[in-house]
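Shared between the two complexes below is subunit A, which has subunit B as its partner in the first and subunit C in the second.
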Partner chain A sequence: MTSVEATKQRGARFGVALLFLGPAVLVLLALVVWPAIRTVYDSFYDSAGRNFVGFQNYVDMFRFERMRIAIRNSFIWVIVFPVLVTTTGLVLAVLSERVRWRTAFRLILFMPAAIAILSSGIIWRIMYETDPSRGAINALLNVPAAIINPPGNLQGTAPSTDDVILGDGGLSTTVEIGADGGVVRLGLLRIRAEDLPESTIQAADPVAAGAGTLSGVVWRDIRSGDNQRGVVEEGELGVPAVTVQVVDSAGTIVGSAGSGDDGAFSIDGLDPGTYSAVVPPAEFQGSWGGISWLGPTLITIAAIVAGIWIWGGFALLVIASGLAALPRELQEAARVDGATEFQVFRRITLPLLTPVLGVVFVALTINALKMFDLIVGIAPGSVQDEANVIALEMWRTAFTGLGNRGLGSAIAVFLFVLILPVMLLNIRRFKLDEDRR
Partner chain B sequence: MRMRRWRWLTLISLLALVAAACSPSGSGDTTTPVGTTQPQTTEPPGTDAPGTTAPTGEAVEVVWVRGADHPEGQAFIAVLEGFTAATGIEVNYTGLGDDLPTILGTRVENDDPPDVAVLPQPGLLRDLVSRDALMPVSQAVLDGLGANFAQVWTDLATVDGSTYGVYFKAGNKSLVFYDVAAVESSGITLPETWDEWVSVSQELVDGGFTPISVAGADGWTLSDWFENVYVRTAGPELYAQLTNHEIPWTDPSVKTALETMGELIGNPDFVNQGTAGALQVGFVDAIVRVFGSNEAVMIEGPGDIAGIANTEVGAVVGTDLDMFAFPSIDGSPGAVLGGGDVAVALTDNPGAMALLEYLTTPEAVESWAAAGGFTSPNQNLDLSAYPDELSAAVAEGLVNAEVFVFDLSDLVPAALGGTAGAGIWGQLQNWLENPGDVDAILTELEAEAAAAFGG
Partner chain C sequence: MTMLAPRSAPPVEDMVEELTVTRRLVKFFSRGVVQFVLIVVALLWMMPTIGLLVTSFRQPELYGVSGWWQALVDPSQFTFSNYSSLLTDRNLIEAVISTSAIAIPSTLIPVVLAAMAGYALAVMPFKGRDALFLVVIGMLVVPLQMALLPAFAIFRGLGISGLPAIWLYHTAFGLPFAIFLMRNYYAGIPLSLIEAARIDGAGEWTIFRKVILPLGFPALASLAIFQFTWTWNDLLVALVFASDQEPMTLFLRNRLGEFTSGIGIISPGVFISAILPLVIFFAFQKYFEAGLLGGSVK
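Moving on, here comes the complex of A and B:
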């Protein structure tokens, strides 16, 4: 069909076209064009939309620390997020070409894109919880941590008297073995009665048991009401199954014993002299606390990782469909000429894929700029300032409390201006694509 | 074949582009109705008392936060039905949700306000007065307020000498809820003074318990803590001055309060997950950690905690959960920090003022009190109207308080006292992360306060 004929036909059908396009144009005008104009208009007015303030909102915008952090974070998002997601998508697309069940594989990877972004944010917020008993990610990291340093039975406890010291060498105190033996009392605090074994009974106060013997007790040195520290009182429970070592001044272990249900232990065969009674540090090894993913320092990184999970499948699908459309002859020819797989990828596949990668990259850049719902879902209230991005700051300014509509509109316009060049680039690319055809 | 694939690709990216292009410009203006071009004339507030005119039978439109399907919304509708039964005036109710301030602001601007609004924040009342949107209450309403309420409630609804609303629903935020089983098994005695509270907390730590659950992720819980301490260490006069920014946040009294507060929730041993860890614990989560997973023994907060603990983990008042009043500090008189919902009239519809007058009577809210989860500041509402001893005790503490102060963060501009992660909430969160750094935090807070009050 020549272009002259086409123009004629178009002219003849203009009325019909208008009839069909009319409603769509009206909707577009009412829901896109008018709000856009109104937003620009509002951005020159004060918070209630009454008084004209000129460019004041645009100046005010940059005075707030919150907005500056939002701009910085949006910048990080734009730089890091499209690159990571496109790379992830490319790697997954190329690798999944070789997988037998690639449709199922790609479907699963695409599934996060079907979840509302706010929900994804909340899912990740739960997975990122610091406490390894709550957050999946720290729970996973806790597995090796617990193997390397298994938490001890006495973790979190503290000695009840000043002469018993808890340090890197474990719990220790000085004991004297005299002519009729010696006595040691190791009182512990910060341990719940319920956490002791069922068999635990009233602690037994040690008495000297004769030459060469150290008699001691490990016990929970607390009871309700009148309570004396360092004294084994009625109502205080023994702490069973604690290993106590006797170490001489040279650091050699000369004896060891475990405490019974009443917390009592005794160690024989000691020459008179001065020793240390030691509970080894392994008993006090704390459990790993977990990484504070959602704390102020890591929150943006944590959110970007969640973003890769959400958008990686989208990038994979688009790039994979681009891969499928590539002419195979060139790759085959290169292989026949003896190119390695990596060379084929690097010199043939990648250059041919560039337009597709560009499309994905631009779409992701726009997504990064208007990032909003993911942050709302993932960031606890206390780190919303540190996780802030421009679109979120716009919403917080315009719609929390009574809202500052003028300033919020100004931020919206600012965001639009940032997105504009990316959009124009994309439109130009479409035109080029069409011309090429 | 090849062409078709490319066409699909183009379509996908076009869709992405359209989606991207629509949102930034569109989302900034979602609540403004299309074509808002009427001149913004606001009727001057009526000087005569509209409530004294006979009801015309014109239906009254009432808005509040809760939806009609929410239990609280239903309880409020029951109150409105009582009004219709008593006066014959029809009422239409709409629950606007958390967007109430925004929707109300837009409707006022478009000269289409509802007749009566129940405002969840007093800051809104001031803002609406500054927009000339509220009707001063009639003499009959003033009489009702005088007969049934402490003076403080009238003062709270008064701006520049004119009273604009009725606080008929209140919250007592000076309560400490505790896990009964943990308190019994640890053998502590409930504290009546701050020093006892600190020593009891140490006792709990020694016994292997974590005393306090703090919902640091929600900044308002920290401002409630601060306000409770400040009104006790500085007294109600300084509290009022700080509220109005007549003294700066760098005032020594503020530092004293923060340091006092630090003795308890600035001590990482006393706070579940440690002070910095508590920053990621939300309000409901913090409650569940006391009454569900038993990670901590006590939680400070509003009366809602009992209801939430019951809904979330089935904690039963009396057997699983009980409360004590926020302890006094250095002999300070019994003080209650509170919040409230205020009903205001936005039109001269006579039914609107009649409804406000009705809400000053104890009979109006009896049904709501009986339904539970509700506290009335009305002194003449019999405490037997409440469904259980705990809610009666909460209400008694509120109406009999020697000192009653309103939640400071609700009274200051929203930029300072009502924005997540910013202002008082944000700076107290910074403090919780690093409780030693009082001076730097107060300097920053003062800068934010100056900006909020100045602009």
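Moving on, here comes the complex of A and C:
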């Protein structure tokens, strides 16, 4: 082959390469490289892109409240999200290796990756409804909450007469015990007949029962038709199983009783004098209202939890494939030497897995910085500002409202600078891989 | 004397026996615990999806009153009306068409371009090849936001808007990963195959079509599935470049303002938009995983 021919052929080869590469390179130059450079340039100009403003946009970025929150939230994402997801993936990868249905398990965890991230946000918004009777997360948390702090039977009710007071100390009223005893009527409103037990019957109006005895009734002071408050009338039901205490002027409980099916109760052995009849506050304890996950304080944490749901399967899968590729001999040898499972994991498996964990961690860090759709989907309109992140704020600044081109570009550059170390890392990693070949 | 003599140690086999019995017991119980934990995790992981599905089949007025799980106790809460009214909604039908009109070309164009470029970068020797590939690797992590504003201006200047703008932008930002994947795949195939074809007198284009493309099928499939899912589910590019089309993600986003009253549209909408990616996920699971795992560099 003459040198001329060789040159010709090399030239032809180059031409062919250009044909194959040309379209891709052209698109990348026109829509990635050039615009990226242009964005850096624009970030030093004003909102319309007309006047040079130096670093003003970069200064403004840290001055505006909305953006400061966005930057703060992005940092929370970057610090919390990759660690949590990688740990979740690692733990589940190791655990799922030990069960026979691991493929099914991994499939279940990976499934959210197929759903649009915006949709995942919407799905979690349904989960996070505050009222425990509507939101599944709070409903689950309500199970232990109801055991620790059970709601009272009389929650939401109110006394029917002014002399009976409902406060932090429960329901209370003053009673006089005279020579022939005393009488007290505790009428309640805002109580539904169907919430009372089936055995409930017509309320019994109390009559003085002799010296030292307090006779009383707790009843539902409501009936259809005309109704006189504070008077036990035909058609009004007793409220059973309510504890009533008698408290003397020193605050000591001197007697207590529970109301019957007709709401009546009686307490003996009281010296004449003035007392309070009290229904303890526990009876009025409201049911747990639920955590406001989508409120301004917790929204970022709530979104990160949804993020774990979306990306946990990805971390699990990458780490599991890394685990499967590990040589088994070392672990077996350590086990034979009497190492516990935890020691094997800590001293052998984990160090060998480090490169894989690194890849997952870096990928998740980038995802944390690029977070966009999830916030749009999960945060109600009123808390979009509190849930804001850099990637979302860039779009909001540049494309909503009047559209600030300079500031929007500066935010994009800021985002890019945060991602830049990963870019350099990728290039370095690949260079090393190539050199090793 | 005999009493002071040390008690003879139990035979070694017995000790080993004992050890393995305790070990087995520990193993048995710890396996039970692991099983239990994983079952709980799996159930928790499925709960949101099930919650959505149940919500989408439940009378929408009930959403503001009680939780979706009530329908599991009281099946009379179930209804098909959400779907039957949504599936006849012209906006939704147009949204599904728009999403397809976005996702299909936005997948095919970069896949073809990347197959060509990846092949050139893997097999053809030319000056600056490695440097070019490193630039592509650098582009992997460039955020979409970095080019939005100038690209918007370029498209406007050229009179490009709507669908073609979305296709081009998805192509541009899908290409680095696509080229990366294809180049690495082609770098692993034996050159002798290509040489054989060349000796038979096949031109570069023929070799590409007859040898390279079929050989690259597994990588192309993973890539296509990855890119299709990505563009089908995309929100940001659609938000910026869509003109009169409203793909599913936009359709949903535009209805989030009235969440509680709109749940009868939103929840089945989420499900309808997820059906195709989920079918692909289950049907082509291997390719899906391969694509997404490869995507861990992105």
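Following the convention adopted for this analysis, the second predicted complex is superposed on the first by the 277 of 437 C-alpha atoms of A that agree within 3 Å, B and C clash if a C-alpha of one lies under 4 Å from a C-alpha of the other, contacts with A are read in each partner's own complex, and residues count from 1 in each chain.
Throughout what follows, a residue touches a chain if its C-beta (ideal position, glycine included) is under 8 Å from a C-beta of that chain, and two chains touch if they have at least 3 such contacts.
This one's a predicted model, so the numbers in the text were calculated from it and none came from an experiment.
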- Message: Let me test your reading of the model: by the given contact rule, A:Leu118 touches which partner, first (subunit B), second (subunit C), both or neither?
- Response: second
- Examine A:Ile222 and indicate which partner it touches, taking first as subunit B and second as subunit C; both and neither are also allowed. first
- Between subunit B (first) and subunit C (second), which, if any, makes contact with A:Glu234: first, second, both or neither? neither
- Which holds for A:Glu198: it touches subunit B only (first), subunit C only (second), both, or neither? neither
- Message: Just checking: does A:Leu31 make contact with subunit B only, subunit C only, both, or neither of them? Give me first, second, both or neither.
- Response: both
- Which of the two partners, first being subunit B and second being subunit C, lies in contact with A:Asp168: first, second, both, or neither? neither
- Task: Go through the superposed model and pick first if A:Ala48 touches only subunit B, second if only subunit C, both, or neither.
- Result: first
- Query: Of the two partner chains, subunit B (first) and subunit C (second), which one does A:Pro380 touch, if any: first, second, both, or neither?
  - Reply: both
- Query: Looking at the overlay, does A:Asp337 come into contact with subunit B only (first), subunit C only (second), both, or neither?
  - Reply: neither
- Message: Just to be sure I follow: which residues of subunit A are touched by subunit B in one complex and then by subunit C in the other one?
- Response: 30-32, 34-36, 38-39, 42, 129, 318, 321, 359, 363, 366, 369-370, 380-381, 391, 394-395, 398-399, 408-409, 411-413, 415-416, 419, 423, 426-427, 430
- Task: Using the touch rule from the top, collect the residues of subunit B that touch subunit A in their complex.
- Result: 2-3, 5-6, 8-10, 12-14, 16-17, 20-32, 34, 40, 99, 101-102, 105, 109, 123-124, 127, 131, 185-188, 203, 205-209, 216-219, 273, 276-277, 279-280, 282, 414-415, 418-422, 425-426, 429, 433
- subunit A contacts subunit C in the complex at 13-14, 16-17, 19-21, 23-25, 27-28, 30-32, 34-36, 38-39, 42, 92, 95-96, 98-99, 105, 107-120, 122-127, 129, 133-136, 139, 309, 312-314, 317-318, 321, 341, 359-360, 363, 366, 369-370, 372-373, 376-377, 380-381, 391, 394-395, 398-399, 405, 408-409, 411-413, 415-416, 419, 422-423, 426-427, 430-431, 434
- Item | Residues of subunit C touching subunit A in the complex | 30-31, 34-35, 37-38, 41-42, 45-49, 51-52, 55, 63-69, 113-114, 116-117, 119-121, 124-127, 129-130, 132, 134, 136-151, 154, 168-169, 171-173, 175-176, 179, 204, 208, 229, 232-236, 239-240, 248-249, 252-253, 256-257, 259, 263, 266-267, 270, 273-274, 277-278, 280-281, 285, 288-289, 292-293, 295-298
- Query: subunit B touches which residues of subunit A in the complex?
  - Reply: 30-32, 34-36, 38-39, 42, 48-50, 66, 129-131, 156-157, 160, 189-195, 222-225, 292, 294-296, 318, 321-322, 324-325, 327, 356, 359, 362-363, 366-367, 369-370, 380-385, 388, 391, 394-396, 398-403, 408-409, 411-413, 415-416, 419, 423, 426-427, 430, 433, 437
